[in-house]
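In this document, chain identifiers A, B and C correspond to the written order of the chains, with residue numbering beginning at 1 in each.
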């Protein structure tokens, strides 16, 4: 009995110590918000860590090269920069676990959909002043339209290193086989509309036995990717200030009815549960980011054209990704200084091979062509250079994750042949309005 | 069925080894090809039986399809180009087989290093788990000490906790000890924490069934508790341990969430984590390379199972799992 | 008394031997659980790094959360379906493989092979097969059946997730049953045969009671495992259509890692743990009624 008591006491003591150790950790946590300043030279050069979701060797080697040059130029500031590739699927999970565990990376890539959440949360530092003051950075060269998503109260909380416009890739072999007009000709004639695109897609699918027009990555789950279509109707899921659901607005009802009918009536778009990879030759057209051009080989003839016009005219859409500096990281000032190096005009030009930069001076067909050998200057001019001007981004919201999931569950009701579009959208608004008001 | 009424002379009561000493002797003709030593060759029901057995084999063949096809598809698809993999009606054999993807597996990542990581972690975890669970299982089963039941229940709690539940506090603990991006948490936590509980449970069940006379005999020979455990109980439990070893190895080999959370540099990655890294510049999976890498992780384990399955099944058959 | 000294020494050895397992459980299971309970009393947003004590608010919120209700229903269906299918199939396969048929070794390897395959790879292959125009419907159409869109219908999606999971893991349970069956003394079977008992009767009255401890273990492991299913849902259905396959762990994961609501997620974790605990205790307590040997 005696030994049991001792034992219990000891076990309890061990447990308590372990718990105490855990709880001590919860107390810490950055309070964020401040602007990054001039980095003071630390006692010892520091190591920086940036989480990224690419695992591509060429890209990582390119990053490392840029970083190594920085280390060489600032030996007393940094001893090394590590790029930590996290699988895209698990990116946010991994990042939040690191944050929750008090092991924030110094810098991180941030998905555009989560931009407002990160910007508003105070997890990131304002990198605007550092970028502006860094010699040779040419801050004014940055496009205002690219920065707006990442700004709050005059501060810049992440740098949008990637600004890839959406366009339509066309399998011209399949379009031609179906005896349809070439989309590029329709663009030239000013007749490149969603209705025409739908008819071409339906005819091509009919002829090839494959699929017509695929909105890439939508897959009846990631509905935000449909925005590249409904922007042509001038539709939006919620109001500009993010407080009112607008799924029931006529523009959105029309746009989603069009998508529904193109899918279930016209056979122009693949139905749910059908995977069709354009790049594998399974579809006649796909809406996706221009940067996907690297997935193309010469197994079929292809072209890339801007997004078609909807009833409300033509609207360019871009997908962005940002790099932010965490307030909870150990060396936010040094990290911000590195960000200024990583994205200076010279390095931005290098990175442009994969990531169209938000720099006006680099956004010209000639410069981009050097970095993107697969695309012609005409294609780059039409889709990239013109595409970034006045472009909008995919829907974002401070409460995006919850909204995404709720809308996804509601819209599942839409993806059946006999769906009542208006009723589904009314339900959708009913479900998300409380989240918008949060 | 009436033709079966003649008892089989090979299995007369008392013939089967009933003591622990005979545990590793295989019972006669439990496996194999129907050549059982039953004397019913000239029975009238013979052809009906044969048809019945043929029917059962046919049933097994049909049932095998959903088990085998995905693995087959995975292995053969690693020889296909991307476009063929994505075809929605799967093809059984590549039109133009190529081993190019296998080269890519090693070119794109330090795959050999990652293979080694997974292997040595799994081996350490297996060895550690065997030790911890055999000791605890033995003590819980054979030694009477105050509070044993309460402590056993405390340990059993680990069986009931999904890893998603405790990952955040565990991560904080590992981080506070400065062990992020090391293999420590992947070895120490499974050996002592929740994943080893099933092993402790299996070992306890096994040792419960151990005849008390054996321990008595050991005691007569002057062995203490440790001696009885090391010299008698532990060696006898080989069969149960082999089951524990396979469970544990597989669990460690396939661990996914924890490595992703704990490890951050490519050289430290384990296999399931490495598989996710075969993606193109925009995060799109390179299916043929991923499938080639997956095949490389699956086939050796499958081969080991193929060779060792007899011992494995018989090992389990003699554990306390049966009661 | 020398006897009690011996017993004391024995007890000391006992404590030493269980120490690694017990301390491990305290450090890596109990302490994290206590931490999770502590978190659950807080509003904790990782991004904003807010950590505010809110007492029972998270638990009060659970009572009124329709999403949680849906996920409990989904979990119930999933677990019941999985346990019934898994145990039945595992037992059926084990009985078949115990018949001394030709090729038994090969079939055993076949049925076990998915256990070895990485879960993610396995699930991805099935997601191809289950598509509207995928392999399964392709096969069905050759026999004149117009297959459903498996992953898009509420019932078929749940069924698909269950079946994919069953095929993945049934081999392990099958091996456990097979081992148990091979431990059933043949002489008892023979004796019953002589008494004229039919195959089903022998199975019911002899085999089943004798393997009931394995049945208990297998069903506990399967139920606990069923409540931890995650990757399959993520790959196959993403919790849909609607919320029909958003099981509890998936819901918990969403709350923690997608919505950054660690406090609420911790409260859901506590609920999940309590459910698993209660289920296991119930099975354990009722074992005397249906388990032949005392375990």
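Simple rule for what comes next: contacts are C-beta pairs under 8 Å (C-beta built on N, C-alpha and C of every residue); 3 or more make two chains touch, one makes a residue touch a chain.
Keep in mind it's a predicted model, so treat the numbers as computed, not measured.
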item: Most widely separated chain from chain C, with each centre as the mean of CA atoms; value: A
item: Chain ID, smallest distance between chain and overall C-alpha centroids; value: C
item: Inter-centroid spacing, chain C versus chain B (mean Cα positions, whole Å); value: 16
item: Distance between the centres, which are taken as Cα means, of chain B and chain A, whole angstrom; value: 41
item: Length of the line joining the C-alpha centres of chain A and chain C, rounded to whole Å; value: 36
item: Where chain A touches two or more other chains, by residue; value: 3, 7, 18, 22, 26, 89, 93, 97, 100, 274-275
item: Residues of chain C touching at least two other chains; value: 11, 15, 22-23, 26-27, 30-32, 35, 39, 128, 131, 133-134, 253, 256, 262
item: Of all residues in chain B, the ones touching two or more other chains; value: 88, 145-146, 168-169, 172-173, 276
item: Partner chain C, residues of chain A touching it in the complex; value: 3, 7, 11, 14-15, 18-19, 22-23, 26-27, 29-32, 89, 92-93, 96-97, 99-100, 117-118, 121-123, 220-221, 271-275, 328, 401-402, 405, 408-410, 412-413, 415
item: Touching residues (chain side chain C, partner chain B) in the complex; value: 7, 9-11, 13-15, 17-18, 20-33, 35-36, 39, 93, 96-97, 99-105, 107-122, 125-126, 128-129, 131, 133-135, 138, 167, 171-172, 175-176, 178-180, 182-187, 190, 193-194, 196, 198-199, 210-214, 217, 220-221, 224, 227-228, 230-231, 249, 252-253, 256, 262, 266, 269, 272-273, 276-277, 280, 292-293, 295
item: Touch list for chain B against partner chain C, complex; value: 1, 4-5, 7-8, 11-13, 16, 27, 29-34, 36, 53, 56-57, 59-60, 63-64, 66-68, 70-71, 73-74, 88-90, 131-133, 135-136, 138-140, 143-146, 148, 151, 154-155, 157-166, 168-170, 172-173, 189, 191-194, 196-198, 200-201, 205, 224-226, 229, 247, 250, 254, 256, 271-272, 275-276, 290-291, 294, 297-298, 301-302, 305-306, 309-310, 312-319, 321-323
item: Residue numbers on chain B that touch chain A, as the complex places them; value: 82-83, 86, 88, 108, 145-147, 167-169, 171-176, 180, 260-261, 264-266, 273, 276-284
item: In the complex, chain A residues that touch chain B; value: 1, 3-4, 7-8, 18, 21-22, 25-26, 49, 53-59, 82, 84-90, 93-94, 97, 100-103, 274-275, 277, 279-282, 289, 291-292, 294-295, 299, 354
